[in-house]
Amino acid sequence: MLEELKEIVLEANLELKRKNLVIYTWGNVSGISREDGLIVIKPSGVAYDQLTVDKMVVVDLEGNIVEGDLKPSSDTATHLVLYKNFKEIGGVVHTHSPMATSWAQSGRDIPCYGTTHADYFYQEIPCTRIMTVEEVDSAYEVYTGKVIVERFRDKDYNYTPGVLVAGHGPFTWGIDPDNAVHNGVVLEEVAKMALNTFLLNKTSKGVPDYVMNKHFYRKHGKNAYYGQ
Amino acid sequence: MLEELKEIVLEANLELKRKNLVIYTWGNVSGISREDGLIVIKPSGVAYDQLTVDKMVVVDLEGNIVEGDLKPSSDTATHLVLYKNFKEIGGVVHTHSPMATSWAQSGRDIPCYGTTHADYFYQEIPCTRIMTVEEVDSAYEVYTGKVIVERFRDKDYNYTPGVLVAGHGPFTWGIDPDNAVHNGVVLEEVAKMALNTFLLNKTSKGVPDYVMNKHFYRKHGKNAYYGQ
Amino acid sequence: MLEELKEIVLEANLELKRKNLVIYTWGNVSGISREDGLIVIKPSGVAYDQLTVDKMVVVDLEGNIVEGDLKPSSDTATHLVLYKNFKEIGGVVHTHSPMATSWAQSGRDIPCYGTTHADYFYQEIPCTRIMTVEEVDSAYEVYTGKVIVERFRDKDYNYTPGVLVAGHGPFTWGIDPDNAVHNGVVLEEVAKMALNTFLLNKTSKGVPDYVMNKHFYRKHGKNAYYGQ
Amino acid sequence: MLEELKEIVLEANLELKRKNLVIYTWGNVSGISREDGLIVIKPSGVAYDQLTVDKMVVVDLEGNIVEGDLKPSSDTATHLVLYKNFKEIGGVVHTHSPMATSWAQSGRDIPCYGTTHADYFYQEIPCTRIMTVEEVDSAYEVYTGKVIVERFRDKDYNYTPGVLVAGHGPFTWGIDPDNAVHNGVVLEEVAKMALNTFLLNKTSKGVPDYVMNKHFYRKHGKNAYYGQ
C-alpha cells in the first residue's frame, strides 16, 4: 500500500544523509496521505544505507502500525501531533543537524538576521519552552509535538516551516517530504550564519520588518515573482 | 546570439556550485557584452544541475528580455545598476555564501586584517547601509544596486571588487564572469579568516596601510611583480 | 592468534580515518579478549593506509608483547589501565579529534546541553585533572589511565563511555572496538554542538535531569524502546 | 639538474592542495640541496593543476635563476633567508591556510594549549612583530624572512618548526619538503583547536611545562619512544 509515498519517504530519508544533516540514525522523515489518513515513516534505529522501500512503516493517525515488520521511529508520536494540528503539511523531518541543534540547546529563537532566513522562514525560527517533568514522564514524544503546536499558537506554520525543540533539536515540515527536507537543509544553513552573525554583532536585532516582508513575499504568496 | 558569452556565464554559474558558494539556487552570475550593450544572466530559480547554455537569458541594459524562454534572475535589476555605474566590469556574482553573508547580516565592513585580503581587496570590504522602506517597497532590486554604488562614491570599484549588502549578502565583480567568481571565492575565504581574527582579537585594526599597499600593488597595477 | 579480533581492531582503526577523527597517525583503537586476557592494538606511528591485519600487535594485560613484529601504540599502557578497571568494556579508542580535544585543552567538562548528548553519555562528559609532575615523569601513560579511573570514582563508565584527558584529548570505550569508535564519533559531534551552545548562551546549565534521564533510558537499560 | 629534488618539491606542492591548505595559488614549497647550494621552488602564480617537474625553478642562495623558464615564487627571498639562517632545514612551506592565518592576523602567538601542539612544536608557535614601513618598502620579502629569524633569536627552529608572520600567514619548515608540509598541516590543525580552546577558556595558560616536555620528547630526541 502507498507504494509511491513509501518511495518518496525513502528518498527523503536518504537525502538527509546526502545533505549531511545526519550521522548514524539521527533523523527521520515521514509523509502523509491525507486522503487515507495514513503516515509513512522511517523505522526506528535502522541505518540509512540499510533502508529499503519495504522497510518503511505505515501507521494511522493514532500511531497504530497498519503495515510493516519494523517498529516506526521513536519520534512517531511527535510527527502525528504535527500532522493533526498543522492540517496543510505533507511531510515532517526531525534531525540533530549540528547548527540548528546548537541553537535548540541554547534555548534561543533564531532571529531573522537576514534575507536568506526571510526567503524561507517568516520572522524568528522559534524555540519551544522546556517541557515539564510531568510532560516528559507521561508521554514525552506526544508533548514534544504539543509544545511545538503551543509555540505556534500565534504563528503561521505555513510561513515558518520549522522549529527548535529546546534542549533537543529541529523539526521542519513542508507540503511534502521533499519540501520538509529542503526546509531542514535551509534551517541548518540559516542557523550557521546566525551563530556567526551573533558572534560578530551581539546586539543585532536583525533586518527591518519591511526587508523581511519583501524577501518572504518575493518567494511566497500570490505576488511572488521569484522562479519560473 | 552571444553564444560564447553564454558558455562563459554557464560555466561561471556551475563554478559557484563547485566552489561551495551556493546551495540549491542561491546565487547567480552574469556577464556583459559592452559592445552589444547586452547581458547574459542565469534564469531565476533553476537548479545548477539543470542549467544549459540555451537556458541562459539575454537582457538589455533596461532589463528587457532579448532572448530566452525563461525569466532572468530576480536580482537582474541589481546587476544592471552595477554594469551601468561600474563601466569597466565584465561580470557580476551574487551568492549567499555563508561567511560573507554572516558579515553582511552583522552590518559590518570586513576590516583589512591581513595580506590575504590586501592581495585582492583594497582597504575594507564595505557593507552598505540598510535600505529605507520607500526604497524596498518601490524598486527593491534597483535600490540594492544603488546602495552599492552609493557606498563606492569614495572607493574605487576596480580596487575593491566586492561588497556586502547589509542584511542580505555579498556581490562581487570582475573583468569577466570567471574573475567575478574568483573574487567571490576569495571574499568567502577572507570573511572566514576575518571572523576568526575578530574572535581572537576584538580590538585589532588590521594591517598598517603600508603593508596593505605593498601586497595590493604586488599583484595589481604597473609595478606588479606577482605571477608570470 | 586472535585473528577475528585483529580484523575487528584493524577495521575499527580504519573507521577512525573514514569518520575524520584522525589525521596522520593521531589515534589508536584496541580490543580485548577477556577470555584470553589479551589485547590487540594498533602499532605505534604506522599510517592508517599501511595497516594490515598482521601488523596488529597482541599484548597481555601487563603490556608484554605476545605476538607482533612492531611496537604497540605508545598509549598502550593507558588502554591497559582502562581494561583492568572498567571490567565490562571490550574496546578502547584514543584520538585527537579537534572538537573534543579543544574541550580537553580548555580543561572543562562538557555539560549535558541536550538530548544528543543524553542519548549516549549520562550527565557531563568529564575532564580529568591535570597530572602532577611526579605522575608525568614516572609513568605518564599509566597515570593517564589512572586519572581517568579516578575521575570515574563516582561515575558509571558504562553510562558515560568517554572522557577528556585535560590538556590532551578524548578516550572513549564500548562493548567492543566498533562501539568504542561509534562513541568517539558521537563525542566529537557532541563537543562541536556544545562549543556552539556555549558561545550562544554562556550561562546555560544544560537540560533538566528529567529530560536527560528520559533520553538516556529511551536508548539504554531494560525499558529502552529506541531501535528494533 | 636536481631532477629528484624537483620531483619531491612538485609532490610537496601538490600535497598542499590535497590537504586543503591552499586555494588557487596561495602557497608554495621549496627544497634545498645543501651540497649544491641550490633551491628548487614553485613558479609564481601557476595553478597547482598546471604544475609539472619542468616548471620548477632552480635558484641559488642569492636568488639568481639557475634553471627554469618561469619566475620563481614572489616569496623566494623569504625562503632564502630561512635557508641561510636555519642551517639544518631542507624544506620551507608558505601558505594562507585559514586557521593559522587567522592567528597571524590577530598578531598573537599560539599558546601550547595541549599535547597535540607539544608533539610537534616546542612551546608557543610564535608570531613575528609587524614590519616597519622602511622594511616593507625597501625589501619586503627579505625582511619577512628577517623578522622570522629575529623572532627565533631565543628559540630553537628545530624544536619549533613554524611561525606566524603577523598580518600575513604561516611559514613552516622541516628536514625536507615533505616534512615541512607535514608541519604545515599540523600547524593548521593546532591553530583550529587553539581558537576553540581560547573561546572556551580565555584565561587558559596551556599545559604545564612538564607535560609539554613529556610529549615533545616522547617524539623527539634521543629518548624518543613514539613510532617504530
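Just so it is clear, A, B, C and D label the chains in written order, and each chain counts residues from 1 on its own.
One rule holds for everything that comes next: a residue touches a chain if its C-beta (ideal position, glycine included) is under 8 Å from a C-beta of that chain, and two chains touch if they have at least 3 such contacts.
Keep in mind it's a predicted model, so treat the numbers as computed, not measured.
S.K.: Between copies chain B and chain D, what's the superposition rotation on C-alpha atoms, in steps of 5 degrees?
M.R.: Superposing chain B on chain D takes a rotation of 90 degrees, nearest 5.
S.K.: Counting shared numbers against all numbers at the contact of chain A and chain C, is it over half, same, or under half, different?
M.R.: Different; most numbers are used by only one of chain A and chain C.
S.K.: Can you name the chain that lies farthest from chain D, using the mean of each chain's Cα atoms as its centre?
M.R.: It is A.
S.K.: Quick one: chain C and chain D, Cα centre-to-centre, how many Å?
M.R.: Chain centroid spacing, chain C to chain D, equals 33 Å.
S.K.: Taking the mean of the C-alpha atoms as each chain's centre, how many Å separate chain B from chain C?
M.R.: Chain centroid spacing, chain B to chain C, equals 46 Å.
S.K.: Going by the contact rule already set, what residues in chain D reach two or more other chains?
M.R.: Residues 199.
S.K.: Based on which chains touch which, is the overall arrangement a line, ring, star, complete graph, or other?
M.R.: ring
S.K.: Strictly by the criterion at the top, what is the full list of touching chain pairs?
M.R.: A-B, A-C, B-D, C-D
S.K.: Which residues of chain C touch chain A in their complex?
M.R.: On the chain C side, the touching residues are 113-116, 182, 185-186, 189, 192-194, 196-197, 199-201, 204, 206-208, 210-211, 214, 218, 225-228.
S.K.: Which positions of chain C touch chain D when the two form their complex?
M.R.: Interface residues on chain C, with respect to chain D: 23-26, 43-46, 70-71, 74, 96, 98-99, 101-108, 130-131, 133, 136-137, 140, 167-169, 195, 198-199.
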